[in-house]
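Let me begin by presenting the structure, written as structure tokens, before commenting on it.
As written, the chain order gives the labels A, B, C and D, with residue 1 at the start of each chain.
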Amino acid sequence: MIKLKIVLEHSYYPNYFAIEDIIATQEKAPCKFLVNIPKLGKLNAASEEDDLKAGTSLELPVWLVQQLASGRQPLVTIDLPKSYKPAYREILKADATAVDLHKFGLYFYELGCHIAQFDNQGDVREILVHTFTTRFKQLMDLADNIGLDPSAIDKLDMLERKLFKDGNLARNLLNNWLNNSIIPMGAATMVVNHRKRKRINVE
Amino acid sequence: MLGEKAYSLVKELEDRQCEILPYNTDLVTEIATEIVHLYDQNHQDVRLEDSRTPGTSTNLMPTVRMRHAAIQRNQRCLLAYHYNRLRLLRQMRWEFGSILPTELKENLSAAENGWFNKYSTILGKYMRSIGENGGLNLAVDLKPPKALFIEVRCLVDYGKLELNDGTNVLLKKNSQHFLPRSECEELIRRGILQHIAN
Amino acid sequence: MDDISSEDILLEEDESEMMHLTPAQLVDRMQETWINEIRAPEILPYKYEYVECLLEHINSMEENIETLQTASLVKVVHQLEIDRFRYIIASYLRTRLEKIELHVFHILKEEDTRIEKNELPYLSDGELQFAQEYKNSIEQHFQSVLSFWPGMPPDDWKNNPVVPNLDSFVFLKSKENVEGVIIDDSDENDIVDLKEGSQVILSYSKIADLLKNDKVSLL
Amino acid sequence: MNPDDIEFIAENELVQVISNFNSPVIALIKGNVGPFRAGLTTHVPLWLAVNLRQRRQCKIVPPSWMNVDDLEECKTREKNLRIFTKMPSDHYIEVAKLLLDCSSDDIPQADEIRTIIKDIWDIRMAKIRNSVNSLIKNSSSFAALDNLTMFEINSMMPLVPACLSQIMRLKKPPRGLNTQSQFPSSILINTTNTTNSL
């Protein structure tokens, strides 16, 4: 199938319209309110009051927490989501390759990048880099179809999956090239998809 | 919860780099309603704040700020949904050409249909501007050239194809032909011909 | 007012170079330009002179061989060569178009700055017009999407344009000896010398200028 | 770029052919080819050689390095040294594949050659994987790649540059915030240290 997108050649880099970034920032982080927020009590399911009271602890999406915690007058303080707390960091430091990162956090790296803003010690950033570099060998083996255990793909986080998918596609193209004389021209991706769907509808 | 609908709208696009789903008018309208609602509430509270004597009664600014964050989030999701659909439309223009299959067209909003045609027009204009001799079609020559002629099989009853040298070829389902590569590349991409590599 | 198009300026500037460029050199330059464009994360200055010159060669060759017999060896050989060059040009221009679309707001802003500073533009006239119309089409679409908005919608999306990641890593070959390339921003002493012909991988931002000055080429 | 793009670039390499037809010089845009005299050799670009061979209008003279003895020596050297040795051609793998696919009859011991080249490729790929692994492990911001061919470098794409770019992003303080980077740059490789060199 013909890929018309060259965009793929350049690795993921978040932007305002990036679906991945929007989905990643929907993940939740614990925070504690420093002031009363009148009228927005309904955000706290455990309470029936009209106002959200100072001192309340809630788990809110990162996009919201980020806004409320920054600026000159923060409304909340952020706590690290559990996957980035010391206990979990220790697990990753012990052996990051053994961890099912998908369960750890679907968007472990993306969320981590956002959270790292609020971690002055730099522990989050350090564990992100450590985890990524330690798990790279596994990722490369998967992409290169070496030591096939496809179930390992399920244990990748979303960023790793993306890298795996692009890397694996390229590796398969390369292997095809090495093994075949001519790679025939193919129909465009969307055309093929469209046709498949049509067939399903008919059946 | 704030911004939930907007989130599910964006979620629709996840892992859909190669297909366009029906435009979700209902959800888009609901999100617009949520935004207007938040906006109105903020408007009211800001007015109350303006008339409030400092130090008296409740400070509404934190509430306003929180709602504003939700407004921005809703807007981001809404625009991301539309933007990424335009990117898909762009890809469709390159893959299907300037005329879309009707079933796909039905999945677009009126504004999207308009955008598709607009994009087609400006792209065509650009291609015609290349060089001094009437332009260059960028929708062909997608792969490095190998041979001038290639073996193809026809996948549908397409009808007559007139070649640049004036000869006519009848493209019937399952018929095989030896054709100039440059003249059948587009038909291959559109799934009408299949390239048979030996 | 004198209306000098970007192409005129480029023509003047590169005329001397074009005069002594043989067709073989021209083809090599075009190929290098094409690969650089594919590999660079950002859009590079448009090489008007190579594209235009090569297209001209193609056109006159096509005219020359028109009268030859379709299946004659000479015609086939010429046609094969033409197809190769057409592919390079088409792929080059497609790559640029994709970058223009993806980074349109960013690219147009940079282009404005260049014009203000009297620097050479990066886009061809055709590309610039396309970019502006493409930008307008997106703005119009967004306007219609946001038409329900009470008052003025926030400008967040305009303040956060999609930008190329200049930190992207690239493979490159040095075309001459280059000294003192800084490879890490956090340590200015972290430098490396590139010998002519040496191949390295590093972050694009460190060599963008070298690339634009023709000291290195991407792989 | 796909492998066929790199192959396309490799097709510019010159090879010798023995034509079985006569033709005066053909003035291509890039330069003259021919004259062709039946039974005599002349240099042509690989793309032309392959095309003529497919039309049975020539035999191809294998490049001087394409023989069992030289390649065996090359393989032994590659195996014994930790660094990457210089290959006899900057496009050895593409040239070998193209010639072995279209004209194995013209090349003595074609099957052996195919096997040795595959072995050399495998040895070098294994080296690349090792170097890449330590490169990423140390999250380096620079590596030398001397003596790797374009096709071999391309085999690392997109994964290797993508992962390095991602590491850079994970390390970097978010835009707008002026916190110091926590990680000193680790340079795995400098040009004098060949054992670490990619």
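Throughout what follows, a residue touches a chain if its C-beta (ideal position, glycine included) is under 8 Å from a C-beta of that chain, and two chains touch if they have at least 3 such contacts.
The chain list, named the UniProt way, goes like this: A = DNA replication complex GINS protein PSF3; B = DNA replication complex GINS protein PSF1; C = DNA replication complex GINS protein SLD5; D = DNA replication complex GINS protein PSF2.
Please read these numbers as outputs of a predicted model, since none were measured by experiment.
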item: Pair of chains joined by more contacts [C-beta pairs], B-D or B-C; value: B-C
item: Chain centre separation (subunit C, subunit D; CA means) in Å; value: 25
item: Rounded Å distance, subunit A centre to subunit D centre (Cα mean); value: 35
item: Contacts with two or more other chains, residues of subunit C listed in rising order; value: 38, 76, 80, 84, 87, 94, 156-157, 165, 168
item: Where subunit B touches two or more other chains, by residue; value: 72, 76, 79, 83, 142-144
item: Subunit A residues counted as touching two or more neighbouring chains; value: 5, 9, 11, 13, 16-17, 181, 183
item: Category of the chain touch graph - line, ring, star, complete, other; value: complete
item: Contact footprint of subunit C on subunit D as seen in their complex; value: 1, 8-9, 11-12, 21, 23, 26, 28-31, 33, 47-48, 51, 57, 141-146, 148, 150, 153-154, 156-157, 160-162, 164-165, 168-169, 172, 180-181, 184-185, 187, 190-191, 198
item: Interface residues, subunit C side, partner subunit B - complex; value: 51-52, 55-56, 59, 70, 76, 79-80, 83-84, 86-87, 89-91, 93-94, 97, 101, 125-127, 129-130, 133-134, 137-138, 141-142, 144-146, 148-151, 153-154, 156-157
item: Subunit D to subunit A touching residues, read off their complex; value: 1-4, 7, 97, 101, 129, 132-133, 136-139, 155, 157-159, 161-163, 165-167, 169-171, 174, 177, 179, 182-183
item: Touching residues on subunit A, where the partner in the complex is subunit D; value: 8-9, 11-13, 109, 112-114, 116-117, 120, 122, 125-126, 128-129, 132-134, 136-137, 139-140, 143-144, 159, 163, 166-167, 170, 173-174, 176-178, 181, 183
item: Subunit A contact footprint on subunit B (complex, rising order); value: 1-3, 7, 10-11, 13-14, 18-19, 41, 45, 58-60, 62-63, 65-67, 69-70, 72-73, 76-77, 79-80, 83-84, 91-92, 94-96, 101, 103-104, 142-143, 146, 150, 185, 188-191, 194-198
